[in-house]
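Attaching a single structure in structure tokens format; questions to follow.
To keep things simple, chains are lettered A, B and C as they appear, and every chain counts its residues starting from 1.
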Amino acid sequence: MSEGSTIFDVQRVSKVYHTRSRHAHAVTALNDVTFSVGEGDSMAIVGESGSGKSTLSRLLLALEAPTSGTVSYRGQVISGRDERELRDFRRRVQIVFQDPMSSLDPHMKVHDLLAEPLRALKIEADEGERVRELLTSVEMPVSSANRYAHQFSGGQRQRIAIARALGPSPEVLIADEPVSALDVSVRAQILNLLTELVHDFNLTLVFISHDMAVVRHLCMSIVVLYRGNLIEMGKTEELFASPREDYTKELLAAAPRIRAVRATRGVPGREA
Amino acid sequence: MPLLRVRDLSVTSGSLTLVNGVNLEVNAGERVGLIGESGSGKSLTALAIAGLLGEGLRASGEVSLDGEDLVAATERRRCEVRGSRIAMVFQEPMSALNPTRRIGDQVGETLRIHQGLSRRSAEKAAVDLLRRVEFADPERYVRMYPHELSGGQRQRVMIASAISCDPEVILADEPTTALDVTVQRRVLDLLDRLVDESGCALLLIAHDLAVVSEVCDRVVTMYGGRVVESGSVAQIIDDPHHPYTKALLATSKALSVAETSLGTSLPSIPGTVPNAGQFPRGCPFRDRCDRRVEACVEVPPTLVRDTRTLACWNPVVDDEPVLEEAP
Amino acid sequence: MGIGMPPLDQPTTTGDNEPYVFEVARGRGWRRWLHNPSALIGSIIVVLVVASALVSLVWTPYSPLAVDPSHALSGPSLRHLLGTDEYGRDVFSRLMASSQVALFVGVLSVLIATAVGIPAGLLAAERRGATGQVVLRLADILYGFPALLAAVVLAAAFGASKSTVVLAIGISYIPVFVRVTRSNALVVLNSEYVLAARAYGRRPLAIMRRHVIPNIMTTIIAQMSLLFSLAVLAETALDFLGLGTAPPAASWGTMLQSSQNYLGNDPLLTVWPSVAIVLCVLGFSLFGDGISELRDVRGHR
């Protein structure tokens, strides 16, 4: 699947959360998941709520450690490491979240939002100059730096969040449902921007989503998660042409399609 | 006479006009989709129809249900209509449900208010309603609290509560936007079936043209607080006349599962939807439009032909004659 | 898709390279302050209280302790603006001197409560395991120990004074700050922007300083102004009961206490300290609310 060396290697990873819920004492978020992401790949992790995809993103970011199994980055195990040993990793792997309102600190101006990663990672740069560069690369006016995130629309906030992720010049971008909170036309703008940035900055992309259309547009390969299990993986077009698992087929069938005549439907339902 | 008739509906906040002269008709048994981006005024239109505008917002014009004007009616009368004859389903079922009360209690509440049912019979009715919205084990679910349900289940609970008094009109504001794809499919199918069974009218507000095209008979496009185009789904999908509808359609098509492919550039509308009050004078879409002409500085009149309406000075037409002016 | 106004928005222009100046618009903040009537009234009162406390350190019309039996219980006059008390002491001078006591007790007790309560609350939020639980249980134990009782115990041990009042009130407010800080900090710590900060390598202390504290300050300040007012009230009550400032030193509480014997002859003697207490409490509450509103960047569009 990969052209160059392996970026992420996820080996037999499970993650169990202990809860105080009256229904269950432990929730298995991920169960024995194995896959790898190669350099230059654009890999989609597809699944719905409860599939474990957000847990997986935290494991890939070494913000949490798996209950069992290992997550490696360029051959080095990253889970459970001391932050000091992860400094280089932190610079190279960045994330964009779904909701750009809650992922941007409401008390910081855009300048600080974009400068923070540089300060935290002790990257030597002319802050003002770098912030201008970043804003320009996401097609935002440089005057945005003086304003707060809440003064922008959803699409513009997501551009700011993307600019922040690009700040440390990462080689991997993890995007956790970055367009699912956006309107169709803004979604198209952000997807176009992501496509350009991935190309221009030679990024390896890990794209987490439940939207098969967006995934097909952006990713070369797909991993399908269902209730914590990796049920299917493969190249995007192969998987679209001949999905093996029922759940993958359902995901594909469920996506709404534009049609001029209302169709009589009846896709086999399933307990929501 | 249409069941729900909206004539020249405007919503203002101080000196700002947020919804401007909206005309809309929905017949019994008909499914009408209202599309447009965030900030186009479609949600406000729905809230104005339901008489649920927040503080500082004022509706004017006419919203008549079966001939009775609701804008002019007293708040007391609107309360009687709301819930019993017009029901609403919102985007966020979690915030629309009270977290401290059991499901059965909340589903039965509308019946207790509007039909004076006792607590006990309301709860029995709730069980039947949950069964109608496809809960396999409704007796168990009426005892649960909202947080114990999944997003899709909560939205079905909202729908159950909406249909409890057999409303004549269901207003659904982005009911599936917050849901996963497979769950969205299920909720859409459910809404569709319920409209079939009860013969009520559905006004479905969505930004996703694909969702609207699958469920609805007619489409109404809004931009900048105005209706810019309306017509049957087939007319709008096959042959959109307004540049905004056409651009939305092109984007939605390029982003649908069947059409998209890796790495291509997606068509999108340049710029962003302006703030309320910052739309250009005349046609609200003109500064983002690639077909603007000099006439666009004036508000285009709404032209009507058969089942279509259009408000554009330079419409997208192949060789068809332009629509006639409204009488 | 909000019901209210859509977010502020400006058309995106590509490649816009105009230089920008990075600065904080202070002037706008002041103008907002002046346009907020409760904040304005609050700050005027606070300035008055602070000014009278400072001025009384060096000057009062008469010495607050100067006894003049020949003019005892004389009503308001040009010589004695607010009249004199049973020993002929000038009431206005005593009111001024009393504001020192109120400020001293209010400021120091809030300082004690925040200096211990806020760090403990942050610690409890950051360490949700055993450490956090221990902090919370300690706070609960303190909470069960009322300020009045603490004051009695301290007064019995060290003698009644302003300092014992400050300690008693300050300590009894620690648990309030632990709770408020912890619950607000938890919300921030669970936010995606903190997750993002961790993903670019911010350590827990830096996250506290850069994200948590700025975002909980609004609530904390509101709480501080509330507790300041409560502290002034508590101080008055303790003085009234003879557990704080010892006569003949002036404080609003002792003034109230001694005036009650002359309620029939000279009711104004009771009115003046009462008015001072109410104004002071009201002023600091309004002032705190004003700061909270001003800091809430999202509140203003």
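Assume a residue touches a chain if its C-beta (ideal position, glycine included) is under 8 Å from a C-beta of that chain, and two chains touch if they have at least 3 such contacts.
Fair warning: this is a prediction, and the values are worked out from it, not measured in the lab.
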| item | value |
| --- | --- |
| Interface with the most contact pairs, given as the two chains involved | A-B |
| Chain whose mean Cα position lies farthest from subunit A | C |
| Geometric centre distance via CA averages, subunit B-subunit A, whole Å | 31 |
| Mean-CA-position distance for subunit C and subunit A (Å) | 46 |
| Approximate Å spacing (C-alpha centroids) for the pair subunit B, subunit C | 50 |
| Residues within subunit C bordering two or more other chains | 6-9, 12 |
| For subunit A, residues that touch 2 or more chains besides their own | 153-154, 156 |
| Residues of subunit B engaged with two or more neighbouring chains | 38-39, 272-273 |
| Residue numbers on subunit C that touch subunit A, as the complex places them | 6-10, 12-23, 191-193, 195-203, 206, 210-211, 214-215, 297-298 |
| In the complex, subunit B residues that touch subunit A | 37-39, 134, 136, 148, 150-153, 156, 180-189, 192, 207-211, 213-217, 233-234, 237-238, 247-249, 251-258, 260-269, 272-273 |
| List of subunit A residues in touch with subunit B within their complex | 23, 48-50, 153-156, 183-189, 191-192, 195, 210-214, 216-220, 236-237, 250-263, 265-267, 269-272 |
| For the subunit A and subunit C complex, residues of the former touching the latter | 58, 61, 63, 83, 86-87, 90-91, 93-95, 97, 99, 102-109, 111, 116-117, 120-121, 128, 132, 136, 139-143, 145-146, 148, 150-154, 156, 159, 161, 164, 167-168 |
